[in-house]
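After this come two complexes, each holding chain A, first together with chain B and then together with chain C.
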Partner chain A sequence: MSRAPALRALIAPLLLVLLWQVWASNLPARRHVPTPTKVFAAAYELIATGELPLALGQSLLRVIAGFAVAAVIALALGLLMGYFRAVGRNVDPVVESFRPIAPIAFLPLAILWFGTGTPAAVFIVAYAAFFPIIVNTIHGVRSVDASLARAALTMGVRRATILRTVILPGALPQIFTGARLGMGVAWTSIIAAELAVGAKAGSGGSGGIGQMMFVFYAYSVELNSIVVCMISVGLIALAIDRGLLWLQRRSMPWIEDKR
Partner chain B sequence: MLEWYRYHKKMGSASVRRRAVGGILGAATYARAMLFFLLLWHLVSVWIANPVLLPGPLRVMESLFQMVASGELVEHALVSLRRLAVSFVAAGAIGIPLGVAMGMNRPFDDIVDPLVEVLRPISGIAWIPLALFILGVGDALPIFIMFYGALFPFVLNSYAAVRAVPPRYADAARTMGVPRRRIIANVMLPAALPGILVGARLAAGAGWMSMVAAELIGAPSGLGFAVEWYRELLMTSKMLAVVVSIGILGYTIDRVLRAVQHRMAPWSPAVRSEQ
Partner chain C sequence: MSVLPKIRLKNVRKTFGAPRSGTETLAVDDVSLDVLTGEFLCIVGPSGCGKSTLLNIIAGLEMPTSGVVEMDSHPITGPGAERGVVFQDYALFPWNTVEENIGFGLRHRAGPRPPPDERRRKVAEYIELVALSGAEHKFPHQLSGGMRQRCALARSLANEPDVLLMDEPLAALDAQTRLILQEELLRIWGQERRAPERKTVVFVTHGIDEAVFLGDRVAVMSSHPGRMKEVIVVDLPRPRLETMRASPEFQALTAQIWNHIRDEAYRATVAPLER
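This part shows the complex of A and B:
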């Protein structure tokens, strides 16, 4: 995939943009229709006024807060569940029962509990990021070579120390993979949460990129700005994923990543 | 090939029996763990003593039964499931051939891959405002969003599965003069099937997840709509009953697709790792 000749790689996206421009400027009712040139103008304006960076920053801060909450709980619980069979057996059913419930389904409950502000969004992000992290932590702990732990045990190392010095480093690559996946769903769900909050609370809510998009849709009808938001959402998602992948390769060069 | 298939099928059915015995023990631990969780939930709800904020599990159960009996839950669920089915089939019909073609044809891959990589990071949910404007509130919006969410798992997994087929399979067929179309149908597709089926499970999961968001914002019916509707009425126990049924249905869909995986590709690593 990566050896694609640069020229060929450009064909399809350029063609898409060109088609979009031609199609949009030949529509009968073209006042609201977004075109690439108008989108560029809107992007410039949104960045120059500082609206877009502000909204993105707000959303990112929420993602980081929710992710941190999820990571702390999922890491602690996952280590215990992976290491002690009894804990794993008894907590696993509860975790697995919640896993198929989409994070957004809890948004109405979160709004009831926390209102339409930041805490509700952070709650949804934490819920979404929790599952990839915990599932990968459990799996990572279980796939650590048991003879390493046994070797430490024969030398009289205490179980708690083994957990910290043998199991945790052994499971780290998989935990990191879980964190990367968790960050990805966290970013997706913050958009959903903010969109829904925007849809239900009007423009008087709490900001963030998702709500900004909804305001552009429902109040000021600026489709070009919506497209700008979509593109920046995609760019941030890409940056998060590639950044964490780079960090993972850099900090754990011994593992062979399976993508 | 056939012998191999039969052998693995036999091994599979032996492990089904083993699993049935383990299943009874598993059900007991599951029941015990969930009972403990429900008890905790009940105690917290008694302590909070506000059924709008947190109704107890018994109340939610009651609402669930009541809504199933009155048929409204079934109605919403059928609407959502139909949307999922339409978008899932459409995503598979486009995503699998696209992924296979990308995996087998290098120049085609070079051209299409950038497009996939540009669109993929924009999550389906981020399309909701624009799609709302184009499609309006109704059936088309959730179907489009779910289709978009399900498309990429199909494409990426079909691509990876075709890429992972050892080249000597196709080479061997080619030396024996098998035409290209038959190589695709009889060599590449069967060998890539396990990976494609994994993609199908991921796609159904992604579609189901985007379903809730799409319906919550832009549909007048369906489970996602029902959740938000009962919040606005402050009928929290009914709302949670819908949330519970979203979970149960999501789990069931995954189980069904896993069963399909067992039947169609009993040799696949995803099936074997469960045993």
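This part shows the complex of A and C:
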């Protein structure tokens, strides 16, 4: 990759920050309007004290753990549901009736079962990330060219082996799409879960970026620090998404790079 | 020499039901055919004559509605490594290199598999046989149509099937490539060898001259429903040479086959326009 596109990618964010600064400083002076300069100051302080890295690290671990649980279950179940029609027909109504139930609706149960710590948050993240991954895996499996599986059958290859050697690589592009979407909802749900768990736990330690936001909101009313939390989540999620894209390209050398 | 056929079809019927309307279409009607060991049998017929369905039934990918399908006197109940198939659309695995595609059957099939060393040796042998040396590490999308079909042929052969079933394998190629691959195919099949040492081949095509050039016999089918019309012996000497295409014997055979299917071919292409 050359350096010019990377620099060009910075133009839009910088313009946005500039616009924000101009807009915010032309409003009548009020306490609750964050400006880039104040937000940068808050960010500097939060990083220097180690509060922000600690909270981000906690949330990141929960997201990764929840995502991993979701990915393993959704991938296995999705492959089976997509490949074996009977499994798909029987399990699909169950999956589809859970799908419209928002992850956050499980929070009361999760808190009762797991308490206000990491396990409850991981459960919510896993639940949220599960659906985009399984729906895309099933779709990916069904979109694999049927003649490929037929060709493997005529070489005397068993169905279970075909699932691993033909269906899985064929569905991989869709599986990656599901993983990226799943990672996105994992981040949206971790904030919601930690905010709510944080509300329950008060200023006591459940940790994570969501709870940090709750504390800034409910106890010290520091709007600039809340914005720092929001931006840092956006940046870290962006970095992870780019990592997944890189992994996708690395693991599928047979797909021509169309960029 | 044994008189038992390699493949035997007896009174094979195949109907397809449309799932919603419930109407049934008769695709193959009462077809009986023996394929002899080591022979190159071509099946020709207008589109819709059920020739591909017949091949899929022999491959075990489809079951006949009624009738008997046997290989070496044993009923065919499903696909198996002893009956390799070469498809018109190649069906190469896009995520595998040429080398991996050709070694796929040897590596993943059920039952006895050669150790990795032997597999690599065999794959290299077949890469050389189909003249793909230098393309071992390319992916299918990096190959031309002709190279893809060579690769698909090598993939089937490397799995060492007893019978090779080919479903219009050259139909998607341009005319020159097709002529070249016809000759290549005969070389690979081993037309210089004695008949008992050759593989049994069933080759489905809509090209009459292709069928005459390649086959020991040509089975001519008619359509709606698919029936076996005539099996014609191609009495041209082997090895078949490019120059034979112009010979009177070759011309007579193609004319004879064309006579059998001309009426239907006209009906299929002209009649819909006049309606």
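Here is the rule we use: the second predicted complex is superposed on the first by the 217 of 259 C-alpha atoms of A that agree within 3 Å, B and C clash if a C-alpha of one lies under 4 Å from a C-alpha of the other, contacts with A are read in each partner's own complex, and residues count from 1 in each chain.
Just so we're on the same page, a contact is a pair of C-beta atoms (placed from the backbone, for glycine too) under 8 Å apart; a residue touches a chain by one contact, two chains touch by 3 or more.
On a predicted model such as this, the values are computed, not experimentally measured, just so you know.
Contacts of A:Ala102 after superposition: chain B is touched, whereas chain C is not reached. Applying the stated contact rule after C-alpha superposition, one finds that A:Ile226 touches chain B and leaves chain C untouched.
In the superposed model, more residues of chain A are touched by B than by the other of chain B and chain C.
In the overlay built on the shared chain, the residue A:Leu148 is in contact with chain C alone; chain B does not reach it. With both structures placed on the common chain, the touch criterion links A:Val157 to chain C but leaves chain B unconnected.
When the shared chain is aligned, chain C comes close enough to touch A:Trp254, but chain B does not.
Within the superposed three-chain model, A:Pro169 lies in touch with chain C and out of touch with chain B [touch as defined at top]. Note: no residue of chain A belongs to the chain B contact set and to the chain C contact set alike, using the contact criterion stated above.
Within the complex formed with chain A, the residues of chain C that make contact are 59-61, 78-85, 87, 89, 91, 93-96, 104-105, 108-111, 139-141, 155-156, 159, 165. In the complex of the two chains, the chain A residues touching chain B come out as 1, 4-5, 8-13, 16, 32, 89-94, 97-98, 100-109, 111-113, 187-189, 191-192, 195-196, 199-200, 213-214, 216-217, 221, 223, 226-227, 229-231, 233-235, 237-238, 241. Residues 145, 147-148, 150-158, 161, 165-166, 169-170, 172, 252-254, 256 of chain A touch chain C in their complex.
If you check the complex, the residues on chain B that touch chain A are 29-30, 32-34, 36-37, 52-53, 107, 109-115, 118-119, 121-123, 125-130, 132-133, 208-209, 211-213, 216-217, 224, 227-228, 230-231, 234, 236, 239-240, 242-244, 246-248, 250-251, 254.
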